[in-house]
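Scroll down for the structure; my scribbles are underneath it.
Chain nomenclature is as follows: A, B, C, D and E, assigned in order of appearance, with residue numbering initiated at 1 for each chain independently.
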Amino acid sequence: MIAWMNWTPTVVVFFVVIAMILAVMTVYEIVSPCTERKGFLPIETTRGDRLFIGLLSAAYINLTFLAVSDITLWVALAVSVAWLLVLLRWG
Amino acid sequence: MLNIISGLIQPSEGEVLFDGKRVNELSPRDRNIAQVFQFPVIYDSMTVYENLAFPLKNNKVPASRIKVRVQEIAEVLEIEDKLHKKARNLTADEKQKVSMGRGLVREDVSAILFDEPLTVIDPQLKWKLRRKLKQIHEQFDITMVYVTHDQLEASTFADKIAVMYDGQVVQFGTPTELFEAPNHTFVGYFIGSPGMNIVEVERCSGGVCFGSTVLPLESWQVDILKRMTSGNLKVGIRPEFIEVSPISSDDTYEANVRDIEDLGTYKIVTVELGEQELKVRQNEEFDASIDSPIHLSFPKQWLMLYVDEFLVQEQQ
Amino acid sequence: MSLTLENLSRSVDGVDYIQGANLTFEAGSFNVLLGRTLAGKTSMMRLMAGLDKPSRGRLLYKGEDVTGQNVQRRNISMIYQQFINYPTLTVYENIASPLRLAKMSKSEIDRRVKETASMLRIESLLKRYPLELSGGQQQRTAMARALVKDATLVLFDEPLVNLDYKLREELRAELRDLFRERQCIAVYATTEANEALALGGTTTLLHEGGVVQTGPVMDVYRAPVNTLAAQLFSEPPMNMIRGRVTDTEVTFDEYSHHALTQELEKLPPGDYWFGIRPSHIALVPANDDDLEISMEVALSEISGSETFMHVENSHFEMVMQLMGVHQYHTGAPVKVYLPINKLFVFDNDEQLVHTPSRVAGGAV
Amino acid sequence: MRQTRAKNVGITLFILLLLTPVYWLLNMSFKTNQEILGGLTLWPQTFTFDNYAVIFTDPSWYNGYLNSMLYVSINVVITLSVALPAAYAFSRYKFLGDKHLFFWLLSNRMAPPAVFLLPFFQLYSSIGLFDTHIAVALAHCLFNVPLAVWILEGFMKGVPREYDEMAYIDGYSFPRFFIKVFLPMIRSGIGVTAFFAFMFSWVELLLARTLTSVDAQPIGAIMTRTIGASGIDWGVLAAAGVLTIIPGLLVIWFVRNHVAKGFALGRV
Amino acid sequence: MEKIPNNRAWWLVLPVFLLVAFSALIPLMTVVNYSVQDIFGPGQAYYVGTEWFKEVLADERLQDSLIRQFVFSGFVLLIQIPLGIGVALMMPKSGVKGSLCLILIAIPLLIPWNVVGTIWQIFARGDIGLFGWGINQLGIDYNYTGDTLDAWLTVLLMDVWHWTPLVALLCYSGLRAIPEAFYQAAEIDRASKWAVFRYIQLPRLKSVLIIAVLLRFMDSFMIYIEPFVLTGGGPGSSTTFLSQTLTTMAIGQFDLGRAAAFSLIYFLIVLLISWLFFTAITHADKEK
């Protein structure tokens, strides 16, 4: 049934991580609802907005690394995670 | 009506005269008038300053003059600290002030028309704005035409008020005239709270009567009545002018107290005179028990006679 | 059969809409909530209706906790400021809709719709659609729909605001009569003091989500507990003058001296706020000890049968309400008279310390 | 007044330019192939219905129209029935992740179908829906449902919440209120949404062609068959094209009075 | 309107969520899977990591079509938005004429995209099409199947013809929503026609214009069928836009991994842009 989807372990891990982040954020939101606030980003954001911005920019960071250098993607990943955390905290 | 004056609608008959000149064919832009609408009409992408300067700019007023004039109007309207805010971020009443300001800012206008401009304003603020407008009127001395269904608003500013009924001006007079001698039963009903007591009557010798009550009239009134054929007769008297005395005398009528409404500063007493219900306005110290008799008198100078809804007036 | 609000509060996102309200409404009573825009009138009504859930406190009906009960299961009706009717149904169907939902028999529905419609004088409009009607007729339809089902709680949220003043007068009088014989609890929110006075019953003053004062309308009017209550329940607002009482005299704004007489003698020396209603200031003295002040006319507003005159001098600014039409020009000098025996006195905490005897009892 | 005339001339000119290509198609559909290829004529010299006759007699042609209409209708029904409650939720309530969900829905309206072509094909094949009307209808939901939610939400926001409350106070249950009271109030919004759903489903071809082969093949795919051994059969192609415009015209005629409002997606 | 917090509203959204998730998430996951594998056929796939991405990012053919795409979308917006506003301003305000205009202008929107391509394929031909014939008669050598610039202009013209009506209708409804009082006020303030447009009409069109720009940008970004029917992407690859490159790669050449990697990059671009637009819209809504 799902054979045509050609699952690979990497992608499974990828989606599981995303799903877990979403789940954690949902639970966090239920436990302590957040309000909009203004950080260093030019617009008012909620926690979810910052997560989205973080994930999207993480994708771009990884692509940029791929395009312009031969450094292993683990570095790009580390940078992305760091950036995501910065965003969530101060964005 | 207002739109005819401003030229947004063409009248099908009659003439509109400004300073004696016929302006029927002129478009609004050539008529030299300003209009303030019921809901704030502002240019929301401009700042307050630009909004106020806009009509001046369109009239090619020199920049230095614009500056002075806008500042002046902003001060009068107490919005000078908001001049550089975007108009869209203002509250409803500030917006309405701006839109009034745009009407007031031009110096060459022949008239300013107001179309229920205070409808959107909170009651507490209405007091202030009304006062403001009155002051502006006295300060700048221009013709203002003000449309409203609120009688308080009407009489606050107005030197003269036109009361409209069924598309017709039924009376055009000072507030005192409207109150003391309403020309039409509608004016009597509409001006004043509560409105005038209006009673359908029939001809009797020496006056008019309803039920078993006979109201004597002045002789000139009787004379006129004789010449009229219409059977549509009414008398009106304002609740304020009915006098109450605890004892009976020759010119009093005994009536029965139905209800007393205490409105704090005054009381409205509903009485029954024969079959007829009347409202009497008394000050707050009045006291009587319900279903007890009281004695009313109707001072002749306040007793108005209406034939076919219009007031019968003494010929000069 | 009464409705009790027990320490009821509501706050959303840290903003308090209602703070610890304790009120009881009796069956057959007419209650007016008076307060400025955003004073919490609508919030309180929504809590009472069960449309919003309180953050704290309970709502008791006949002593039973109904705080969490579903709106559909309570027998209430509500009339809004906007004329809310089902636009796709005729007036008849609009009025009938609560009854149809209550699964009443056809003939019973017909009888009650006709009865209610004639009570509100809209029987000739039954076949029309709400949007074809004038504002007053639309609001009558809304009222008919609210009244037809014999609700135990009827809520009015500034129902007459959007109507013109003659219609307001008319409907107000009708409302009073309609509720005189009913056994339901009526609650009526308004921003206008005059409306509260005209409707009578019990008045509750609200300010910033809290109850300022509650009681029979005339009690509240004649003895406002503090300056806030006095301001809220007076239109135009009550005139407030700063003054000092010493052993022998009372001084207003360090300017106008006056020998202590009558009731003011009982006041311990100190600073006070003196309040006087606009209608009590006169142009002719009524008593010998009336306080005479020379003022200038700032503005005179004429409302059909009365005149509001704003007067001022270098020390005071006052509004007076005069019977009849008086035309004065701005800047005209006038002498006004303040009857000492009609002064309300508030202490420095703005609490009422003295009620004028002339006004309190009503009768002379 | 001079200005009004200038405006009228301008708009007339624009509409004429807009209609010329359509006229050309219409013109061609009434010509014979000889005339089309023989030279340029502004109107048919030998007026013929033959091209239309081909389409109306050949089941493989007219079935294409039927297929298209069938899946478009199914799509409109599905779109409306799921979008209505969702739009209500978005217009009335604040709930966990509402904004993000809304954006995610919209981003699907913006995702190019080309990205999804192959997985779509495999997905529908794997659940046995390949070459069915329902498959195309479901696939079109991908971009129609978000748009429908968006438009309807705009309209619903325009209905004051007091109406909902009044209905509850009167004793309506939610479903009954929704169907009996609420939906009639946003009739024009529903009409416009249906129009948009129809339009986008009707004009889309990429997904429709990928997900079908024979039984549910849309008219657009069938039109490519006019290329035969003797070249393109221009006349039939033009006639088929003209026939695809007609259903759209009918639909817009029905909703013409609401369109002006609806084109702003209820957001003005 | 103040919204009520209520998480049970999720039940109302659930059908939409499931439906769209089914159509969007499963294919998306599949594409992600493809993008990290080299696929030869059913069951024959090798994990290659991020190789495809690296290749795609360095592929000049793809870069070219990306640039071509941006240029095309830019022109589309530049022409259609002002033209649409202009048409909307000219449309009669109401009445029978108004609705007639509305219907006539909407016609191009209701034509299936392949038919649009067909219409222009015929219309622009030098031998049997009025447009191509007319241009040639004017003495201009025009041939959209042979000349790159001609092909480009034809595709652009076709898109303008096809989609300007959408912009016009959006703006028209925006204009209709401006209360009459604003025009009256401007009339009384003696505002010039330009001032009326600049200070009344344009600011009030803002929210509709954002929608128009958004829809036009997205749809022109994924344009596929029309140029495919009209020019087949040629001459050369001059009118081969993103979608077409992608479709050829995935279906024509069965180069699944590369196509998937490219799809994802494409998707990320669209996601970023639509997020920017969405944020702009919600902020515009908030200001009101």
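Note that a contact is a pair of C-beta atoms (placed from the backbone, for glycine too) under 8 Å apart; a residue touches a chain by one contact, two chains touch by 3 or more.
This is a predicted model, so every value here is computed, not measured.
Colleague: Which chains are in contact with both subunit A and subunit D?
Modeller: Joint contacts, listed by label: E.
Colleague: Could you give the fewest steps needed to travel from subunit C to subunit E through chains in contact?
Modeller: When the steps are counted carefully, the minimum from subunit C to subunit E is 2.
Colleague: Measuring between mean CA coordinates, which chain is farthest from subunit A?
Modeller: Of all chains, B has its centre farthest from that of subunit A.
Colleague: Check C-D against D-E and say which one is joined by more contacting C-beta pairs.
Modeller: Contact tally favours D-E.
Colleague: Rounded to a whole Å, what is the gap between the Cα centroids of subunit A and subunit E?
Modeller: Computed value for the inter-centroid distance: 29 Å.
Colleague: Mind checking the centre-to-centre distance between subunit A and subunit C? Centres are C-alpha means, answer in whole Å.
Modeller: Result: the chain centres lie 56 Å from each other.
Colleague: Quick one: subunit B and subunit E, Cα centre-to-centre, how many Å?
Modeller: Taking the mean C-alpha position of each chain, the two centres sit 58 Å apart.
Colleague: Counting only residues that touch at least 2 other chains, which ones in subunit D make the list?
Modeller: 96, 99, 103, 119, 122-123, 160
Colleague: Which subunit A residues sit where two or more other chains touch them?
Modeller: In subunit A, residues 4-5, 52 touch at least two other chains, as defined above.
Colleague: Go ahead and list every pair of chains that touch.
Modeller: Taking the chains two at a time, the touching pairs are A-D, A-E, B-C, B-E, C-D, D-E.
Colleague: Can you check the complex and tell me which residues of subunit B touch subunit E?
Modeller: Interface residues on the subunit B side: 6, 8, 27-29, 33-35, 37-39, 41, 43-46, 54-55, 58-59, 88-89, 99, 102.
Colleague: Using the touch rule from the top, collect the residues of subunit B that touch subunit C in their complex.
Modeller: These residues of subunit B touch subunit C: 122-124, 127, 130-131, 134-135, 138, 149-152, 155-156, 174-176, 178-180, 189-195, 238-240, 261-266, 281, 283-285, 287.
Colleague: Touching residues of subunit E toward subunit B in the complex: what are they?
Modeller: For subunit E paired with subunit B, touching residues are 179, 181-182, 184-185, 187-192, 195, 199-200, 202-203, 287-288.
Colleague: Where on subunit A does subunit E make contact in their complex?
Modeller: Residue list for subunit A touching subunit E: 3-8, 10-11, 14-15, 43, 52, 56, 59-60, 63, 66-67, 73.
Colleague: Tell me, which parts of subunit C touch subunit B in their complex?
Modeller: 36-37, 164-166, 169, 191-194, 197-198, 200, 218, 221, 236, 277-279, 298-299, 301-305, 310, 321, 323-325, 327, 330, 362-364
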